[in-house]
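Before anything else, here is the set of structures, which you'll find just below.
Two complexes are shown next, each including chain A; its partner changes from chain B in the first to chain C in the second.
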Partner chain A sequence: MLQKRLIYLLFLFIGISVQGYGQKRLEVGKDKAFTSVRKAINNAQPFDTVLIYEGYYKEADIQIDKPLVIEGINYPEIDGSGDENAITVTSDSVTIRGISVVNVSTNYMNDLAAITLIKASYCTLENNRLRNNFFGIFLQRSNFNLIQNNRIEGNSKEDEVSSGNAVHLWYSKNNRILNNETLKHRDGIYLEFADFTTIKGNFSHDQIRYGLHFMFSNNCKYIGNEFENNGAGVAVMFSRNILMRYNHFRRNWGSASYGLLLKEIYDAEVVNNQFTENTIAIYGESATRIKFLNNSFKDNGWGFKLLGSCYDNIVSENNFINNNFDFVTNVEKSSNTISKNYWSEYSGYDLDRNGVGDIPHRPIKLFSVVTQVVPDAIILNQSLFVQLLDLAEKVNPTITSVHIKDPDPVMKPWRLFFKPKSND
Partner chain B sequence: MLKVLKYSFFDLLRSRWTYLYFLFFLVSAATLLYLSSGTSVAVISMMNLEIILIPLVSIMFGTIYYYQNADFNKLLLSLPIKRSKVFLGQYLGIVASLGFSFVLGISIPFIVYGIFYTSYWDDFLYLLIVGVILTTIFLSLSFLIGVNNTNKMKGFGLSILTWLMLAVIYDGIVLFVLFLMEQYPLEKITLILTILNPIDLGRTFIMLQSDQAALLGFTGAVFRNFFGTKTGISVISFVSLLWVGIPLYYNIKKFKMKDF
Partner chain C sequence: MHKLFCYIQILFLVAVLGSCSQKSEPIQFGKDQCALCVMNIADKNYGAEIVSDKGKVYKFDAVECMIHYMMKNDTEGWAPYAVAFHEGGKLFKTSELKFYRSVELPSPMGRYITALHEDSIVKKVSKKHPGKFYTFDELKAQFHDLPVLAP
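Right, the complex of A and B next:
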């Protein structure tokens, strides 16, 4: 009991001290006390609030070095053109809310961003609109921040070099990125050495490279995101313990596009995701001990392309519907387990009516093996000769692997759920 | 010549085979549009059907028609009409009637479906163009077989063989060649081999225009670059023209000399 009281007392103290500290509201606007954001910030005490009224502020290189609340009213536009970051945060516990930052220029020496956090933790960046910037939000060595409900629109053309990422995390841990919309940048969300990141409910589309890009970031989870029409889809590389759930990978369609690219990934879970109309829904290279459960693969060019370097994966209870090739690999035998999936191409029967087909399904088509050896042969896709060849091979497999099979394919598609539950 | 053409055309329009051909395309296009999950899928399925069937029907029907008309030809040749005109009139007549039933057969369902209100209308136009070109080429080949063989059975055999060769076996040979030359860069060879066969050319052309192009990867990109250029288009047109022109030229020459 005493302990509890002590805690209450502690909270009281903290409350009082913060109250005493952060009373002031500094107003920035045309006919307000300050006309410049930078001046207002310089004059502010820690824990003050800087209110920015609607208007156009051409100010680059705004430094926030004390805990402040920066709040925009009706999205005041901060024009950050020049050779500097627009806003740099170097203090913990800063909140930036409801502002609009535009026109941070492309720079080949520095990664200029609309909002940069350097060694700043416990910050909140929310409801901002960032448009036409090189980088959107850039975190360096900043932990426990919350980035939510922002809309980050880039200006990328076709060029990977001259455009930056919408949200970029570097050596930053335990951050949360929630419900943002990112578009037309190089990568939608980029993580490098960013462990324990939570990425939830974001919509990343029309990126010229990846919708989401993971590098060397362990123990992350991303849930309920949508990735649409990105140049190369989503890439998760060199990471461990990643949870991917309830995401929708849609129309990442192009000659070098993936729904999800996995490279050097260990112990991940890919569960309840939807893959629709991607060139290659999942491409795996050295992806090991991954559980692919309850996903839906529909209308993709390739459902799965797992190279021989992928071991001990489990592909179970997924739906494969109308893909050009459901499953491709370049080895005869593998330690991956494929079981209990629904394959729309399955032509077996179920005499005992237990819902499971009586003969195993071999998802690998002869033609897909041919194209592994001679990629140029793909031009014969849909040719009558190839269709005859596939049929003959299906009846009596001689070239395709007899080991890679689903021993108990189900007869009816699984009923899958793709909406995140509230407690995820 | 126009008179012969007209006669041929209307004679064929009265034939129940033309109706059957028309009805076949009508029903299959309507079913595909109705049953398939999306327009692009329907276009690709229609292409598969068209690529296989039009050459087969054209070459068979052409051969049959040529043999059927042998007596009528003799009659015509006794009149003061130029031989080349008799031949060309008949050829264009059958091209017009088969082409007509094909175009009408697939256009009605697609237009009723509202293809021009979707973004796939250009795919549909390519379907039409490729279909008509294939009809022209394979009828020209069928007349070649007819002119050169008085033995009907041999003629039919040859036309089936020609179709089998171009539609199936050729792709087998291509695949074989690609396997043999696996170590070399193959894009150009694939491109040349594809252009040489009108069926392959038609198939790749439609595939490259449709969504399927993304599946063709790097090779597809090379193809698309080629087909997109003026040189590409002129090479394709030239090759198609050769496929029609060479047999036709040879036919007329032979037909002129022929002792009926």
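Right, the complex of A and C next:
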């Protein structure tokens, strides 16, 4: 017993001595030991801290090839203009905190970024301000990293696609992206072959293309994010097992804009999300086995647009309030289940007072079928003629599918919750 | 009067023929959508376009999307174009392009196909990134058997 305790004690001492190793602080600043960030890093030992004081440092191609803590005081500005990445990390366990990186150039040969991680894992990138860069944070084959509380602002203007993505993950797994603000880039967060990614509490707005974009990335979740005024909202493509919860998709307006675009996606959950003022709240193509539960669709052009080969989806207990068209599909008989939703369009009655309408609701309007064939006909929407047509179709359906219906529409909107709980 | 009618007829004929020509149309990056995968086309280094025999234009965000489309649809006699790498998003006939596959050049839909046009860029790219050249017809013929590239 005593022997065992001694061994524990021994381990404790080893632990303390390892912790003691490399606790040096190297200071960078105008009147400090180092005036150049690169020199300080070259002189540092593993596990040292490099403190960068407020100031302007015109240094590109800073290489971090050992575990270090890089910490800025009052956001020192590192100007990375030139033909290189500003900061490249090739070691595990690097922390970069509180710095500002600006002006990394647009380059069509190389994807230059403010902070690039190459085969670097267990790193933390937090509280940084990245502005006017081609790419913001670029991860290549880097796993288990934490990216949080950064503000990443691009330089793209309307109709210009000269900027890259704010956060770009490529062949990187198990990373966490939390509470960042990204704006004015091509995509806010772009995942390609990035499995097991967690994306929480981010605010992605005013991107040229998508607020968040999945490609070939499975088993990911994004929770409690806000996506506003992006070129085309959020796109989830060619992926499986994605959990989408407590997000808010707002004001994605434009002829080809969506709140959420689902393409070639299987086994996903879209739960407790808000879709407000989007041209098309959810657009699905080849989307299969997806649960759409407890979402709110309010003031959108189209609520749901499911086209071709969307099978075995469940649309249940959602609120459809004040959308121009609640539901559009081009499949005659669908294997999708629609039930117990609230439809503000519903004009049925509830004589037995059980809270559920006595006649089924058919959410597809005649005119939405017409606009699918002749998009320009939308100009006639809300006209008396079209309202008459819709009414006639409702009474005696001839063109719209009779199979797509909500057999038990609820009379009162569901009380829904959109705030993530702490354990999500 | 007869002459005027003749002129009108000729004008009409010209208009009809003109509308049938297989002319390519520049891609509006950030605005146009891929006809196959519905993604917005945003990368000026990648993209493709095919013009049908009746002159209808279909745009794609990547060459692999266009090849998929050509396999799914009858595109006999249609004119395929592709965006050349590093030339500002300009389209060229696929017969004028060299297609290059390098694991260091990922294309938007994950098949690592890059179209190269100008000789200096061909040299620069092939020197910097190891890979293999294909013609468009080779690419199409071997599409399902192309070696899988992954880093």
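Note that in this section the second predicted complex is superposed on the first by the 404 of 424 C-alpha atoms of A that agree within 3 Å, B and C clash if a C-alpha of one lies under 4 Å from a C-alpha of the other, contacts with A are read in each partner's own complex, and residues count from 1 in each chain.
By our rule, contacts are C-beta pairs under 8 Å (C-beta built on N, C-alpha and C of every residue); 3 or more make two chains touch, one makes a residue touch a chain.
Given the structure is predicted, the values throughout are model-derived calculations rather than measurements.
By the document's definition of touching, of the two partners only chain B reaches A:253; chain C does not. By the touch criterion stated above, A:186 is placed in contact with chain C alone, chain B being left untouched. In the superposition on chain A, A:418 makes contact with neither chain B nor chain C. When both complexes are overlaid on chain A, the residue A:386 reaches chain B alone and has no touch with chain C.
Of the two partner chains, neither chain B nor chain C is touched by A:196.
Contacts of A:311 after superposition on the shared chain: neither chain B nor chain C is touched. In the superposition on chain A, the residues of chain A contacting both chain B and chain C are 256. If you check the complex, the residues on chain A that touch chain C are 108-109, 140-141, 159-161, 170-171, 186, 192-193, 208-210, 215-216, 231-232, 235, 237, 256, 261, 263, 283, 285. For chain A in complex with chain B, the residues that touch the partner chain are 253-257, 279, 299, 301, 322, 324, 370, 373-386, 388. Interface of chain B with chain A (complex): residues 37-38, 44, 47-48, 51-52, 167-172, 174-175, 178-179, 182, 186-187, 190, 194, 200, 203-204, 207, 211-221, 223. Taken together, the chain C residues at the contact with chain A in this complex read 29-31, 33, 37-40, 42-45, 85-86, 106, 109-110, 124-125, 128, 150-151.
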